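The structure's right below; bear with me while I get my questions together.
So that you can tell them apart, the chains are marked A, B, C and D in the order they are listed, and the count of residues begins at 1 in each.
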Amino acid sequence: MKKLINAPEGVVKDALAGIAAAHSDLVTVHYDPDYIVRADAPVKGKVGIISGGGSGHEPMHGGFVGRGMLDAACPGAVFTSPVPDQMLAATKAVDGGAGVLHIVKNYTGDVMNFEMAAELAAAEGLDVAAVVTNDDVAVENSTWTAGRRGVGVTVLLEKMVGAAAEAGANLAECKRIAEKVNAQGRSMGMALTACTVPHAGKPGFELGDDEMEVGIGIHGEPGRRKEKLTTAANITEMLAGPILDDLPFQRGDTVLAFVNGMGGTPQIELYVMYNELAKLLADRGITIGRNLIGSYITSLEMAGCSFTLVKLDDELTKLWDAPVLTPALRWGA
Amino acid sequence: MKKLINAPEGVVKDALAGIAAAHSDLVTVHYDPDYIVRADAPVKGKVGIISGGGSGHEPMHGGFVGRGMLDAACPGAVFTSPVPDQMLAATKAVDGGAGVLHIVKNYTGDVMNFEMAAELAAAEGLDVAAVVTNDDVAVENSTWTAGRRGVGVTVLLEKMVGAAAEAGANLAECKRIAEKVNAQGRSMGMALTACTVPHAGKPGFELGDDEMEVGIGIHGEPGRRKEKLTTAANITEMLAGPILDDLPFQRGDTVLAFVNGMGGTPQIELYVMYNELAKLLADRGITIGRNLIGSYITSLEMAGCSFTLVKLDDELTKLWDAPVLTPALRWGA
Amino acid sequence: MRITVEHVIKFVEGVAARIKEHRDELVQLDSPIGDSDHGVNMDRGFTTVLDKLPTVADKDIGTILKTVGMTLVSTVGGASGPLYGTAFIRAGMALTDRYELTPAEVVVALEAALEGIQARGKAQRGEKTMIDAIGPGVDVLKEAQANGEEFMSAMRRSVAAVEEGMKSTIPMLATKGRASYLGQRSIGHQDPGATSSFYIAQVMLETVEGIHE
Amino acid sequence: MRITVEHVIKFVEGVAARIKEHRDELVQLDSPIGDSDHGVNMDRGFTTVLDKLPTVADKDIGTILKTVGMTLVSTVGGASGPLYGTAFIRAGMALTDRYELTPAEVVVALEAALEGIQARGKAQRGEKTMIDAIGPGVDVLKEAQANGEEFMSAMRRSVAAVEEGMKSTIPMLATKGRASYLGQRSIGHQDPGATSSFYIAQVMLETVEGIHE
């Protein structure tokens, strides 16, 4: 295991301290329970937007705390959903009197811990709503399973809902927008390499030199299937095909195209992939209205990428374009 | 070799097409010779700021083209400095009548190719000046060698000089600022893994599971020495020590601290390193006035990091804070 | 048989030690079909439980178990934190103000624990989770109680059923939890949560055997 | 001996083929002490040269060599592009309007090429660069000319000197080019640029031998 860390048990706290040292103008870091709030929290009269999940997905979610996006993020241990104490403390810290929205990625652990936090918050008289993202088309959707994972859409949704809250939308409205983004978004990912959870000390799976995992999530787990490594163009088909078929996206649609690196992917490769995706979408008569290219929802040092497409309309486009001022996403400010 | 590419010979063109598809609002990509110019080039009356170098260092330099930073970037083949035709064409494309500054990283190839371009440009009556960055303290500086490599300072310098040019500084003034940033900046880097040049097909060097290379550049070459892998705190000392001693930086100084990932380094590790660097600098009585944390000058998928410190004064701080609107760096706009 | 506060504390300490012992094994089990954290999660939780135990050592068994559960909820995270946390809290709620337990009360508490896990996680048997280990164990105890079987013998059979249940997860297709994302590829691996449940059951049996001797 | 336009074109084509043949070897040599691109750089350049050659096949030797040099400058990049490019351009400048060459003119052109490399790269001998291969080769030709030695024999001795010069780079400490960043670790590796220079010299010898037969 080769990592720039001091010790496996200290990684999350050390990184939080780094965030605190780097971005004190934007965010404040609290410890035990661990959570990151925007520096000016709580914002009076504004709906508080909170997310959280295991660490190892940086910059998600801590890097998205700030004006126009999240009010707080709750980082768990690496790949382990945070505990209710964190979400409860964060909920109280950002409650500006207009209620708090929990953005939860659909994993059993995340869902249950956020649920417990919401129960505790409700018991204390706080107004909490939740939205669960589940955009990963690699996972079959069925009422008999845990359902689809929440992946790339979460990033885009946090930006859009954050903009809505910043503009004064109430809790119900924030929830509506969050559900809309989730409903209109789909993702799929692949890995060239596995990643190593610091405590585990060895990679989560083995891959041959000419193999890739297709249909991975963001927790270093194996994907749906192994495939022979192939060209960027073929990989693009493998990821974009199921995404487009699922919603389905249609000729004439305008989308936000998000090409995401898994943590160990160099930018030159992301642009090669974006080029293939742009060609494929053009062939299908789909217009890319906005894009995001970079490593925003990651699996530690895993090499690979994911695509997320969200169908855009005027409302979502405006929310996407609104100013954002966070450590990881910044424009118009 | 595991990469998201179509074929080794197409990587640079495919990535350029991806940049063109993604950022047509900010930049325009020209082919044969290859160069990227800001969408509104040439800007009348403004000094044109150009850089270039081998590909594989993304987002440097193409990601830095845009308002407040570079007017053009010339990407060579992977790790191969571009050819004079590119710099000449870019120089003509961005010449707004106030002259053009070439920002050159100190590598024999880059220096010679830029020199030839400058000779050709001068022969055509263009007013061209050049500044060569050489901030890598891992390389001994001697008149008998090729001198120090240009690394992380280049990114910061391009931002600051870009701001100066945007604000109307003339060519001599831009050159003065560039030389000042270079003179006040020092860098050093290390690698946890090697990287693979697409055409070469195998890693540039071999490293044991418990080894790291210290004193690397940005071309996948081995560093000054191999060391046993150690803690983030120890690595921070190994990198920051020589940097601080070299300028030297002194108690009371304020610096811009840049923690850079080499391409395959996850952000969580960069924040762990930033935390260690912040502690070390605090111990030495040095204040971090500004910071930049992310993978901005890379070696393909190499894992590892580099530190760059630039001594700040009011002039440089103001130039750093000025708005910038490029694919990779964006604030105030 | 008299089960006292001291026995309960010994049991909890024993679980903490057993989990620490098997931490890496639980991580490795969570690697092919999960995210390599189950052992670390459980160990982090029970290590904190050990720190907290002295503060409730003079309290009733209900309070002790609720404290264990709340500590697990607050420190484990992931899927196992709310599930095991809820299990201990529910068991504790079933034993409010008790300083000594009869075997019948133990069975009631275990039933409550199982119900808590099911209420929180909504898994059925056969979905490749800890339920597949705990469920059969509780079945045996209830049935033994109905048949008037001696408690020690019932406990032994119960833990054997837990072990068998744990092993039964190997050929199962996961439809709950993280392993479900793997589809067919989840088959052939033993569920980590079922495995930690077995270790907890093992310590319970050993504790009871200790009292018996 | 009459060296014609056709011979020069055959030489250039031969170099392109030889470089392609050794492309991967030159990449591998550039890997321990460089950035793994020398073979790719040279091959890219000479492949384009092959495309360009027909457009100047009816021109004088000076024009042909200048075109080769300018094409290398425009396509190779890195350190080797300006260096080899300048070498061919300078050789071409020394042979303006010539359609046939005497051995003496060949020596003049090679001297001009070496001077061009030194003017552009500012390296001295002993710094572990292509100069350490080319330099001794040109020395031999100049000295042979002064001594009135027969050209074929001088060429053979010259290329042997280039080969020896190439090998002499192995124990050298690099102080120019990318290998210099490695400090002591540059010792023990053969310089890739010196190696490509040897292959070019080899093809030159073979071309001359072809005329002779």
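Just so it is clear, a contact is a pair of C-beta atoms (placed from the backbone, for glycine too) under 8 Å apart; a residue touches a chain by one contact, two chains touch by 3 or more.
As the structure is a computational prediction, the values presented were derived from the model and not from experiment.
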Labels of chains that are neighbours to subunit B and to subunit C: A
Chain separated most widely from subunit B, comparing mean CA positions: C
Mean-CA-position distance for subunit B and subunit A (Å): 29
Chain centre separation in whole Å, for subunit D relative to subunit A (CA means): 55
Centre-to-centre distance between subunit D and subunit C (centres being mean Cα positions), rounded to whole Å: 76
Inter-centroid spacing, subunit D versus subunit B (mean Cα positions, whole Å): 32
Shared-contact residues (touching 2 or more other chains) in subunit A: none
Residues within subunit C bordering two or more other chains: none
Chain contact graph, described as a line, ring, star, complete graph or other shape: line
Pairwise chain contacts, counting only pairs that touch as defined: A-B, A-C, B-D
Interface residues, subunit B side, partner subunit D - complex: 33, 54, 76-85, 107-109, 112-113, 115-116, 138-140, 144-146, 149, 197, 199-200, 204-205, 217, 219-222, 224-225
Subunit B-touching residues of subunit D, taken from the complex the two chains share: 27-28, 31-37, 40-41, 44, 73-83, 120-121, 175-178, 180-183, 185
Subunit B partner contacts - residues on subunit A that touch it in the complex: 2-7, 11, 14-19, 21-22, 55-56, 58-59, 63, 192-193, 209, 212, 229, 231-233, 235, 263-276, 278, 288, 291, 293, 295, 298, 300-301, 303-305, 330-333
